[in-house]
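Which chain is which? They are A, B, C and D, in the order written, and residues in each are numbered from 1.
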Amino acid sequence: MSFVLKEADPQLQAAVAHTRQVVAQLHAELPRWGLVVWTAGNVSERVPGADLFVIKPSGVSYDELSPDVMVVCDLEGHKVTDGTPEWLTPSSDTAAHAYVYRHMPEVGGIVHTHSTYATAWAARGEEIPCVLTMMGDEFGGPIPVGPFALIGDDSIGRGIVETLKNSRSRAVLMKNHGPFTVGRDGRDAVKAAAMCEEVARTIHIAREGGDLAPIAQHHIDSLWDRYQNVYGQHEE
Amino acid sequence: MSFVLKEADPQLQAAVAHTRQVVAQLHAELPRWGLVVWTAGNVSERVPGADLFVIKPSGVSYDELSPDVMVVCDLEGHKVTDGTPEWLTPSSDTAAHAYVYRHMPEVGGIVHTHSTYATAWAARGEEIPCVLTMMGDEFGGPIPVGPFALIGDDSIGRGIVETLKNSRSRAVLMKNHGPFTVGRDGRDAVKAAAMCEEVARTIHIAREGGDLAPIAQHHIDSLWDRYQNVYGQHEE
Amino acid sequence: MSFVLKEADPQLQAAVAHTRQVVAQLHAELPRWGLVVWTAGNVSERVPGADLFVIKPSGVSYDELSPDVMVVCDLEGHKVTDGTPEWLTPSSDTAAHAYVYRHMPEVGGIVHTHSTYATAWAARGEEIPCVLTMMGDEFGGPIPVGPFALIGDDSIGRGIVETLKNSRSRAVLMKNHGPFTVGRDGRDAVKAAAMCEEVARTIHIAREGGDLAPIAQHHIDSLWDRYQNVYGQHEE
Amino acid sequence: MSFVLKEADPQLQAAVAHTRQVVAQLHAELPRWGLVVWTAGNVSERVPGADLFVIKPSGVSYDELSPDVMVVCDLEGHKVTDGTPEWLTPSSDTAAHAYVYRHMPEVGGIVHTHSTYATAWAARGEEIPCVLTMMGDEFGGPIPVGPFALIGDDSIGRGIVETLKNSRSRAVLMKNHGPFTVGRDGRDAVKAAAMCEEVARTIHIAREGGDLAPIAQHHIDSLWDRYQNVYGQHEE
């Protein structure tokens, strides 16, 4: 906690203020898409041009998530001194977010939820097979499972990073726990969380009714290539 | 892109403006009935008296779908020059919509979604059997499955048209992809999308619990005839 | 259509006006509890002191269901002349409602929906077993299945009445069609529709997971007796 | 009914007024999280410093649950004389709430719902296994099943207390009936009700898709210890 934000240059302070606003707004997307119950979910976003990120406070309800109560952390996951009240502590998942930001410099946003269907696959420790064109677009193949891990050290963060490094997917199902998603920024990670839940739900339901129709690997590759290379930022 | 809308006669310009408004409003029906997640769905409507249609722009969120951002296309699926910003490009599904308008002159509106239960049937490549009176009314029999096809040429559009031409249904489940529905106009196609999802859900759930009770073909024919011929525009 | 409402006495006219308002408001409860998609559901209520009832018009969306557009019918199901526009015709299910009012004088309200889970049981033609205390309270036993029947004569209404006469239940699942519920008044019938869907959903889900725990018949009788006799109008 | 609230000291009257407000607001959380249909659910909270609790009135709809209509009861479950209208009688589940307050002095709030998935486990009489980290956090192990019991004597309350006394869980599934949850206060009990339904749903869905991955008992113990001891009031 050596960093004191109030003594930083105005440009960084503006960047932090903007990121606080973005992260507060993105939390409203979680209940909107049915991804959270009570306070069980969090979004973070890296502050551009700084080794900092902004994350949800612990134990604050979704009705009260204004920019003011968001917590600024360094990449070790420690709250930086910035004038907010002491009782505003970062989400208990902060260490996992920090680990990912330290080890995946391309990641600008992270989301963690216990969304129902994705968590159901996680409760079996089973990856989600890629049998939908929209899943080929978004995830480029199966959504993989990460190891069982407890809060308390680096094991959740390490499990996320090691699993994502071996996959095109920007979602990982932590075993017996729930999904973590990453993205270019917070909004992109929230989109991944919404799409992860949707493919988890659709493919669960599909398989209840009988055998899934596979998609050939070269078709999955085509879907992924087009979506990454041709359409770029386009979302659909 | 030889067509320049601003040089067209005032009557056509008014028709385009009206269709923009209708299509923008109809997009609000998709989240209302739970048919879309994020930006994954689109509605289009033919402009009366012209070889044009209006469709959703690519990658714009449902909160921002005002008439102004809708995109006007010719029947080849090319955006017509009409003064809207360059970055507003039509949905990546536009080629499929255009193909259907070219080959099915009776179609005035098209909807594409990835609605959960309809897409689950599509992920197995299985048609939805007609075991509900409301399905006999709306679709006149099973909802058929169209071929697996990738974006990039006419294959999605051709798959839709060939499947619908052999069926009473105005909904088709494109394999591993999701439903496309057509109608007299955009609103009718949105109704078909909502009803397609509802019968997909209800019949999925019914079959989870045991054997479905079939409806005799002559009863399905009666339901379809009454709904088409006697009740006409009445929706219920 | 011999009855002309505008020539009726003021007390009857006031009763009709009040019933129009009640029926319009009750329609808002159907989407609220997730019981309808698009326009597929209707509520009616008997006008106190007259051989009339008020019902939803055909093909009007739920956003437009004001008291003014409700349709007044006699007990043969014919619209009475009352100054409303010609194009406002009663729901295509009106004959079934009228048959029930003619043959069950104790019924003051009727609801028809295609609510998902109740309709799923109907698609198998299977009654819902009574394994929940709230189902013993509300329905006094299983929710029975009525015969397959088409619109066009008295067969739907007759099927409803004959099935309900042999049951404590005020809900019936018409085979391959959906639930009809009756009540003291419209509100009571809407409550029955909401509770019918809830027990259909809960017991479907329960049975997916394994064998149901039965409730002994004498316990079901106790639940039913208490709810009818001791608590009277109390809803919980 | 020997207690007359209007003659009590001002501090107690203020405590009752505050509890009325809290309980009224908490009822809005039940439909928000999808835990109730119609009027089928209730929240109560103990009045600090008194042998009283506040509970939902019987048969009043969720739209009308203002502080004024809440009912104050003594620990025998009798309404105390406090100037509210006679027709406002406490929920028919009041005897069960009262029994729990009498026998579990650490309990400050109680919630009863018929939430769909929790009630589905209850309809089979099957406990919910602990296969999610969030379930280890919140409930410390399985959510147990209580006995079948009817309203009319102490049997529901006794069944709740005896089951909870043998468990870390603050939720119990009463067989063929539904969940009851307890907490430090009303809000904590509502949180338990929301989390109970969420784990009931997620684990039901997980098991539909195949074998659950168990969590070792010592890991469940670690989750529970951390959540109780380290994070204290923190909710996530």
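By definition in this document, a contact is a pair of C-beta atoms (placed from the backbone, for glycine too) under 8 Å apart; a residue touches a chain by one contact, two chains touch by 3 or more.
Per UniProt, the chains are A, B, C, D = L-ribulose-5-phosphate 4-epimerase.
Bear in mind the structure is a predicted one, so any value in this text is a computation, not a measurement.
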Minimum number of chain-to-chain touching steps separating subunit B from subunit D: 2
Turning angle required so that subunit A lies on subunit D, C-alpha fit (0 to 180°, nearest 5): 90
Most distant chain from subunit D by Cα centroid: B
Copies subunit C and subunit D touch via same or different residues, half shared test: different
Distance between the centres, which are taken as Cα means, of subunit B and subunit A, whole angstrom: 32
Separation of subunit A from subunit C, taking each centre as the mean of its C-alpha atoms, in whole Å: 46
Touching two or more other chains - residues of subunit B: 208
Touch relationships between chains, expressed as pairs: A-B, A-D, B-C, C-D
Residues of subunit A touching subunit D in the complex: 37-40, 42, 58-59, 89, 91-93, 114, 116-117, 119-121, 123-126, 148, 150-152, 175-178, 204, 207-208
Complex contacts: residues of subunit A adjacent to subunit B: 33, 131-134, 191, 194-195, 197-198, 201-203, 205-206, 208-213, 215, 219, 222-223, 226, 231, 233-236
